[in-house]
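In the two assemblies presented below, chain A is common to both, partnered first by chain B and then by chain C.
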Partner chain A sequence: MTLSLVLQAVFAGVTNGIVYALVGMGLSAIFKGSRVINAMQGEFAVIGAMTTVLLLTKSGWPYPAAIAGGALAGALVGAFIEIAFVRYMAGKKASEDSFLLLTIGLALTLSASVLFFIGRDGHLLPPIGGEGVLIVLDAVIQFHALWLIAIGIGATLLLRAFFHRTTLGLSMMAASIDPDGAATTGINVARMRTFTFVLGGLLGALGGILVTPLIAVDYTLGLNLTLKGFAAAVLGGLTNPLGAAVGGVTLGLVESLAIIGISSSYKDVVAFTVLIVIMILMPQGILGRAGRRGG
Partner chain B sequence: MTSRLLWIVAALVIWAALPFFVPRNIADLLVFTGIYTIAGLGIGLLLGHCGIVNLAQATFYGLGAYSSAYCTVMLGLPSIAGFVVGAVISMALAYLIGRPILRLTGYFLALATLALGAIASALFFEWDWLTGGTLGIGGIPKLDLFGFVLDRPSRYYFFVWIVAFTCMAVAHNLVGSRTGLMLRSMRDSSTAAASLSVDLQALRTQVFVVCALFGSLAGSLFAHHASFVSTQSFTVDRSISFLLIPVIGGATSIPGIVAGALFVTFLPELLSKLGDIHQILFGLALVGVVVLLPDGLMGAYGRLQRRLAPRRSGHDH
Partner chain C sequence: MSLSSIAKLAGVAALVGLSAFARPSGALAQTSGEPIKVGAIVSATGAGAGLGIPERNGLLLAEKDINAKGGIKGRPIKIIVEDDASNPDTALSKANDLIFGQKVVALLGPSLTASTVAVGGVTHANKIPQIAFTGIGPAVERERKCLAHVLPPQRLNAQALLEYAKNIKATKIGVLHDAGYGNVVMAELRPLADKYGVKLVAVEKFEIGATDTTTQAAKVKAAQPDAVFIIATSATPFRNVKQVQITQPVVAAIGSSSYEYVNAMGSAADNITIPEFVVGEDPLPHQKAFVDLYKQTYNATPKNYEAAAWDAAHIIAQAIAKAGPDAGGEKLCEALRGPYSGVLANYDFSADDMTGIPLSSFVYSKLVGGKYTRTPFRVTQ
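And now, the complex of A and B:
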């Protein structure tokens, strides 16, 4: 095991980890705001990436506009799902399980829609920042990976500022921590829940768009990203979107360092085993109780 | 009570006559309904009586199917060996994994089982010396009972459904027994149950093991029916469709499980006549059931019955 191999693995781990983090942050934001585990979070990534691909190749939009379009599509689908389904079911006091099954059903529907309307083929986006690579100690790092890491960190910091500094972010937090108290101070709790789904959709779509230059997006990508995003969110303590960022990078690193030793096809096996073990041994997530309070 | 007996007799007569009147492809689907009923019964027990969402049933289904395939094709053992090996491995695995993960609750447990299913599906794919990978294992013999070969769907139908009825009886007795009472107390108030010295974890593990046993049996039956098994049959998607069986039908009702199994076997087949769009429609149907019928088809039927009941209640009581 050489140093450059380790460095390569660390970089790959951080790159994947940021994608898991973005999906996980969206999942965690939705859970925090609505107590719904969104089993279609990975589908937001597929929606974002596919929309960007279509805008870029079929409609000929410039790349930045296509990315914005893809992210917007994720946000809109998020809003639609809250307004069309979650609101109605929350009004009927549906159980945890029903919400889980609802989102599983939506995930099946969306993945089947992608298969039906777009087809089986995987699609790639051009790398952000061009095809260039950076070589550090024989480890090859794509410029795109650097952009991905920068955008991921930027999004995490923005999210933090949003929850701590803006009125809307603070209202969303208030509505999720104490809905009745928030309502008496004039916060529209139902609308805040819609916003958490918008935020979840946006973050998921962003994760999908950023990963698509590295992994081809197709109709099966969603489930895998949902699982990885959930693992990230659980590692971070589930109710803390910023914890999910730490969780995602940890997961990515564990995965990519583990496969230096064993065959790369066991990547998912390692990731999911870590998820199960952490859930059993550290139910509060790797940040513990302190991590749960923040964010 | 007599009307209930009449219903059961009528259902049995229809059940026995059915394979002689329907075309081969329908008989084939009815065999699958039986297999799915067995797998779904276990999930129904966990969901309806322990409040556990199990998304790993395809793992045990796969273990059963691969045990049957490997024992009969690779080792040349009699079919019964595959059933037994599959059941023993599944139950042992369910016990070993169940002890630690059943400490989790709610979403965490659901996702732990989902992760388990994803791990198993990756291992089925990687261990191609055992499972044949994507190429799978073919040439699994049809079952024969003392020289009577169950080589047609209409013959296999009776065998599968007799196994299914036996599993229903086991599930029914489990629910009606002392264990069932403890399960109900655990589901409704786990604190109260624990204070009455009900060992919650042992109980949950026990039901998980029964669920794995049913999953494995269903898998072995599937292997002998399809005579070919490959990784595509044991993915997380399959676990999801198994979970839908009790969700759609109603988890606490045994007829509900049959209804759910009919739904997940026949609806995709009916919808596939409409072309490739059928998967979208299936997803939408699921969303529709979850949103509109939160307690499943049997729950909706019960509500309908109650609404019609006042008219005749004067005569019944």
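And now, the complex of A and C:
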């Protein structure tokens, strides 16, 4: 095992980890705000990426505008799902498993719609920062991956500031911690729940758009990302979006280091053993209770 | 002869020429009578759709072609195509329906090995000839002597890769393979490597549908191979090999030859060599008629799986013509066993592997800018 190989594994691990983190953060933001485990979080990534691809190639939008359009599509679908389904079901006092079933159904529907309307083909987006690569000690990282990491970290910090420093963010937290108390202080709890879905859709779409220059997006990508994002969120502490960020990067690193540590044949065995050990030692997630107080 | 009569003659000649041109030559042949029903099962949806959809196209084109040329001794052929959704259980129930409900005389397909093995249980027990769009799979298929295969066994795919390594004098090989198809080919490749004087310096695996294999690719790169084999059914490893800047020749197994994967490779789809059979951009003389007809009909370039299905339909039609449409399964199987020169390959269904494809049937193509070009290299036997 050489230093360059370790560095290559770290590059790959952090890059993948940030994508898991973005999906996981969206998942945990939604769970925090609505107690819904959103099994279609990965589909937000597909919606964001596919919309960007279509705006860029079919409608000829400039790349930054197409990215904004893709992210907006994710946010809008998030809002739509809350208003059209979740709000109605919450009014009927639906249980947590009903919501899980709802989002699983939506995930399958969306994946099938992409297959039906757009087709089986995988689509790529141009890399941000061009095709260039940075070479450190023989290990290679693409400029795009550096951008992905930077934007991912930026989004995480913004999310933290949003929850801690803005009235809207604080209201959303209040509505999730104590809905009745929040309602008596004049916070529109239902609207806050819509916003958590908007936020979840936005983060998922951003993850999808950022990963599409590295891996082609197709109708099957969503489930894969949901599973990794869910693992990231649980690992970090499900009610804490920042925990999902830590969880995502941990997951990415464990996966890639397992490949060089032992053998790629045993990658999943090693990775999941490590994850199980973490969950046994820290059942509240890596950030644990500290994270539960805020986010 | 006056000038006007020459003009008249020329006009008549032109008319005759035109009408001959406008009418497909085969349309002169009329079919009549009860259609001869042949069943087909493909994976038109699910994980195997990348194979099943081209195969369905190949089948329907073959049906049209056979009927336009007079059918089977004057009777039209009807190919009933069913989708198994890439699921062996579904394949089995569709096979039962086709055989016992629709009373087909033979079965074509399925697309995937697991489904082929499942369906083989019914066709074998009931002596229904079957031509699968797979290479021969587990040992049980060797006993099923009425089950022909139109794609090469994995051992042959492994040999085709090694032949190319020998040709470019690569003795140290790095391999990236997936946990499904890649595993099966690898199992055949390992014992063969020694015979070819090839040392496998790095063998790295990744799960089916993996979205990132850069670390595996970096490990292959670190082993400093002379060439890299990629055995997979996805575009991901090809992109990752380029990302970690592996500059050695990349040779890919036939599984990633479809345009679906090539398009998803993006700029990484360059300078990859693939041992395969049909290069639609530059077909061999005996493949040209099929490729032209396919392009005309579907406005797309065909590849291996379209050709395999096309061959399967023609093979069964020929066997039915030889044995007679009401000969029954056993006679049909007899008629099936023998050599056949197809578009994809030169088969010999009397061979032990029920395929008989020789290594010389492989052509080696190279991807240049997302398009295939045929290289002059062939294995001579």
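What we mean here is this: the second predicted complex is superposed on the first by the 272 of 295 C-alpha atoms of A that agree within 3 Å, B and C clash if a C-alpha of one lies under 4 Å from a C-alpha of the other, contacts with A are read in each partner's own complex, and residues count from 1 in each chain.
The definition used in the following text is that a residue touches a chain if its C-beta (ideal position, glycine included) is under 8 Å from a C-beta of that chain, and two chains touch if they have at least 3 such contacts.
Since the structure is predicted, the reported quantities are computational estimates derived from the model, not experimental observations.
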Exercise for the section: In the overlay, answer first, second, both or neither for which of chain B and chain C A:L168 touches. Expected result: neither
Practice task
Would you sort A:Q142 into first (chain B), second (chain C), both or neither based on which partner it touches?
Solution key: second
Practice task
Considering only touches as defined above, state whether A:L227 meets chain B (first), chain C (second), both or neither.
Solution key: first
Exercise for the section: Considering only the touch criterion stated at the top, classify A:A65 as touching first (chain B), second (chain C), both, or neither. Expected result: neither
Problem - Which of chain B and chain C A:A94 touches, first, second, both or neither - result: first
Practice task
Go through the superposed model and pick first if A:S265 touches only chain B, second if only chain C, both, or neither.
Solution key: both
Exercise for the section: Look at A:D121 in the shared chain and tell me whether it touches chain B only, chain C only, both, or neither; answer first, second, both or neither. Expected result: second
Handout entry: chain A residues contacted in one complex by chain B, in the other by chain C
Key = 265, 268
Fill in the blank from the handout: Listed in rising order, chain A residues that touch chain C in their complex are 2, 4-5, 8-9, 11-13, 15-16, 120-124, 131, 133, 135, 139-140, 142, 211, 214-216, 218, 220-221, 224, 256, 259-260, 264-265, 267-268
Completion exercise
Residue positions on chain B within touch of chain A in the complex are 47, 51, 53, 100-101, 103-104, 106-108, 110-112, 114-116, 118-119, 122-123, 125-126, 236-237, 240, 243-244, 247, 276-277, 279-280, 282-284, 286-287, 290-291, 294
Fill in the blank from the handout: Counting only contacts in the complex, chain C reaches chain A at residues 49-50, 53, 204-207, 209, 211-212, 214-216, 218-219, 222, 235-236, 239, 243-245, 260, 263-264, 266-267
Fill in the blank from the handout: chain B partner, complex, touching residues on chain A are 37, 85, 88-89, 92, 94-98, 100-102, 104-113, 115-116, 223, 227, 230-231, 234, 263, 265-266, 268-269, 272-273, 275-276, 279-280, 283
